[in-house]
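Labels run A, B, C and D following the written order; every chain starts at residue 1.
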Amino acid sequence: MIKEPQSRIARKESWNDYCLFSIESPRIAQHARPGQFIMIRVNPHPYPLLRRPFSIHSRAKNTIEIFFQRIGVGTTLLAQKEADALLDILGPSGNGFSLNTGLKGKTVFLIGGGRGIAPLFFLAQELASLGAFVNIFYGGKSISDLCLKEKLEKKGFNLFCSTEDGSFGFKGLVTELLDEKIKNLIPEKMFVCGPEEMMKKIAYISSDKNIPAEFSLESTMGCGFGACWGCVRRIKRDNAESWLKICEEGPVFSTEEIIWQL
Amino acid sequence: MIKEPQSRIARKESWNDYCLFSIESPRIAQHARPGQFIMIRVNPHPYPLLRRPFSIHSRAKNTIEIFFQRIGVGTTLLAQKEADALLDILGPSGNGFSLNTGLKGKTVFLIGGGRGIAPLFFLAQELASLGAFVNIFYGGKSISDLCLKEKLEKKGFNLFCSTEDGSFGFKGLVTELLDEKIKNLIPEKMFVCGPEEMMKKIAYISSDKNIPAEFSLESTMGCGFGACWGCVRRIKRDNAESWLKICEEGPVFSTEEIIWQL
Amino acid sequence: MTDLGIDLGFLKLKNPVIAASGTFGYGLELAQFVDLNQLGGIVIKGLYFHPRPGNPPPRLVETSCGLINAIGLQGIGVKKFSEEILPQLKKINTVIIVNVCGENEQEYASVVDFLSKKEGIKAFELNISCPNVEKKGLCPALDPDATFSIVRLVKKSSRLPIITKLSPNVTNIEEIALSAQEGGSDGISLTNTFLAMAVDVETRKPKLANVFGGLSGPAIKPIALRMVYQVANRVNIPVIGMGGIFSSEDALEFMIAGAKAVQVGTANLIDPEATLKIIKELRDYCEKNEIKMIEEIIGTLEI
Amino acid sequence: MTDLGIDLGFLKLKNPVIAASGTFGYGLELAQFVDLNQLGGIVIKGLYFHPRPGNPPPRLVETSCGLINAIGLQGIGVKKFSEEILPQLKKINTVIIVNVCGENEQEYASVVDFLSKKEGIKAFELNISCPNVEKKGLCPALDPDATFSIVRLVKKSSRLPIITKLSPNVTNIEEIALSAQEGGSDGISLTNTFLAMAVDVETRKPKLANVFGGLSGPAIKPIALRMVYQVANRVNIPVIGMGGIFSSEDALEFMIAGAKAVQVGTANLIDPEATLKIIKELRDYCEKNEIKMIEEIIGTLEI
């Protein structure tokens, strides 16, 4: 992990509740893998206190992108920053999704709910370059949650959208849309990021139909680099359950590993 | 006093360590008197917590100006704001300098050290319109502290400048410059704002030569409207000494009233 | 339309939001900003029997999300208060509570005795917890016996309900609350400020002339909330919670944890309209969550 | 060139800045950011004799300028620590202090006894003050007798110096500090975190699975500083101060108030380089103020 206290926001794009930054950070860009994240210090003052974690949304030679939703004080302050502002970031953190060559020529489903799409875009590009057939399921409450659909289409991924209010694509939950599609197309593997409820349902589908799946989990993070033990989730490894630090051992885990709490 | 939660910064001017805002606030402008101040909430978050007091530097029909120095977290954040930003302000607070018509045709000295010049500009204009002969003493460590000298000259006030490093005007303390001038020109009254040490010296001159003088005092303010008793200074009135709230009873007091603490 | 009314048993409030002592002056200072009639209540700045000079300045230091004050309870005394202030307060349609101070038990009793005879006061809040009068921050609320005996004595001489205001600077807040209850207190309010200090590293002097002061504001909220929760689950008299309440969300945290009403202190200094804003937001919250009477949410914390 | 060295009597530090327990992992987690050899010392995350699962999440809540944690001392136990971690720590040229925990007096003694036999540890810090292990936030450091007896027992079984870490959740911090001194403690560190809580007003549940947690960060600094000042003026063993130290100015406040060294905790989580930044700024401050040895400033507060 690297500390980049002065990373420039090269480009900003914003929507109602969402925002996208392209951030200059050659060293982090160089090491980044899909599913990894960065920790951003929103401002130099003690409020808000902690850094905020954001998945790496894409990677170029010298820049990385983040795509985030405004849900509170930190993301709101962050969304107020404009291009050329400097960000204090740490990263890349965590281990990310597993990219194995075995997926060449195989069908994969990437399922993202709302801001959960963030890490999947980077992943989709890497999987495509491995030669996998990438299908992206992109769900939201309303069309305004699907800001990235054009971007995803442009990249030529096979895109299935759903909105709870039916304002765009399939009307209902993305998991219902998945239920539909999966009837006549069984993927080799699923990669998932989104609200807890959505991931739980897909975990069920994964084990029920035994389709391997990986999930990017969230939790409140104190540091993002393994020092505080604040970010744990219940994980099963070598037949032993324990509280694992998702900033180090995760945030990505497989269906078998995750013990979903109620 | 009025709360104006959304006052627009109409114009911003800035120097190395100083900054000037013209703020749209018709209602405060209407009631403002020289020596009064406003309380600014630097941002909507709990850090920094308290409002910061700033003298009213000038007044137009719909706007007031403030002129401030960057010395800490609040003034630094404030100086980062740009034109069109909205400020949450309370004012006008305090009682201000006494403007009596008796000064018509008389000579007055206005003595300001560094940011202490802020309230004196407004005062100078009002005194001039009363027909007084306004002499302004403007002192600083160095020429960079005298950002307003052109502005003051343009208005046609009689200006005497001093810098401790001699980079402009008289070399030395503004009080030494005053000592010089006062030998051959005794003012009817002195109006003073600046560092504690400077004001103390002038208070001594005032009583020694018995030239009436008024001083704009500072103190850390909790509220600026008389609710917290945090801003007191030692004041003598009707032969009784007590801790008076300078936000209400001040910030301006006369030579006889102020008990200078060591 | 939600009913924001609160019944403390000994006192009815039109809503749970009370202005905290010492941050709202004698009530009238904020009239220029706030329609005082809309408040649940106002606690007057602490009063001794005689006028008090208060501490020398500096009296305030700002800290990270907090404020340390060492005002030292400067005040006008009961006589001047009842002659000059009380008549004006009577015109306001809200509950007036006087915050009572004393050098010793007897002075508390005398203040209560004197003011009990006047019209326009609805209750007394015993400030046995001010940390910045005595240099070492000592006060009766640090000791269960001292608390018990002061409350019992004052309760005798009072025609009006007594709310005992506790200090957070203790090991066992429940124990102190219970002694106040045994002493006959009608209600309990907490917390007062946390004993604190700050140092100027250039002069190497304390930033407060009084050396120690009381910390208030958002910084202390999580600790104050914990204590209010502990006390509310231990005593059977009403608890009024405070400590860093700046928003309706803060107020709701205290009420859900068991406070029947809340006091807003430091927030008034930064936004004189804070109390009204919180009252409005509480109404919005109740309507959004279809709560008919705000009293329904008191102590509903699910563990 | 200023001498930043500190002599605690029982221990020499190359500078006064120590990484606080639980915020610096087992020391190695931050090696990717920090040259550990530059630190005055590292206090290892709290260790029980056996591995500990820790509390269920959520374990953290951010508050205004503060952080509430309820990690519950998840840890690997002394055996795994000395086999897997200690050998790597030995390679670092800084003082390693182990933060010792226990379910009961005996466990504290066993941990100290076990680790006393290992190389590479310079002192033990007795964590008798962790508020978030027992549900009600109880710990030995709330009681003078419990403090005395635990310190005395552990001191017996220890080849190495003992630093007793105190809780701020007490009425009389000086009393507890004195009992630790009587018990034979070589030094005292304070403060641990403040017992606190937070409520989610939408779900009406505590924000921490453990309900209570410990508040740390800039919010608590003014209270912690006051306690360090009180203790440093009361005991005659060295005091290590902490609580919200984020900058050299914060560190200096504690040292001027009487702390011989300081610990930096929460700041490490936000800026892993915080300790190094503070060390550098301390050097700058001393040079600017022509201070030859930083020890000169300890306890120089002018009242």
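Basically, a residue touches a chain if its C-beta (ideal position, glycine included) is under 8 Å from a C-beta of that chain, and two chains touch if they have at least 3 such contacts.
Keep in mind the model is a prediction, meaning the values are calculated, not measured.
Shared contact partners of chain C and chain D comprise A, B.
For the interfaces A-D and A-C, the C-beta contact count is higher for A-D. Of all chains, B has its CA centroid at the greatest distance from the CA centroid of chain A. Distance between chain centres (mean CA atoms), chain B to chain C: 36 Å. Work out the mean CA point of chain A and of chain B, and you get 54 Å between them. In this assembly, the C-alpha centroid of chain A lies 47 Å from the C-alpha centroid of chain C. Looking at chain D, residues 61, 64-66, 217-218 sit in touch with two or more other chains. For chain A, residues touching at least two other chains, in rising order: 46-47. Chain-to-chain contact here is organised exhaustively, every possible pair of chains being in touch. Within the complex formed with chain B, the chain D residues making contact are 64-65. Looking at the complex, you find that chain D touches chain C at residues 61, 63-66, 68, 137, 142, 169-171, 194-199, 201, 203-206, 211-212, 215, 217-223, 225-226, 229, 244, 249, 252-253, 256-257, 285, 297, 300-303. Within the complex, the chain C residues that touch chain B are 22-25, 29-30, 32-33, 45, 53-54, 56-62, 64-67, 69, 71, 74, 217-218, 246, 266, 268-273. Residues of chain A touching chain C in their complex: 46-47.
Contact residues on chain A toward chain D in their complex (touch as defined above): 1, 3, 41, 46-51, 90, 219-223, 225-234, 242-243, 261.
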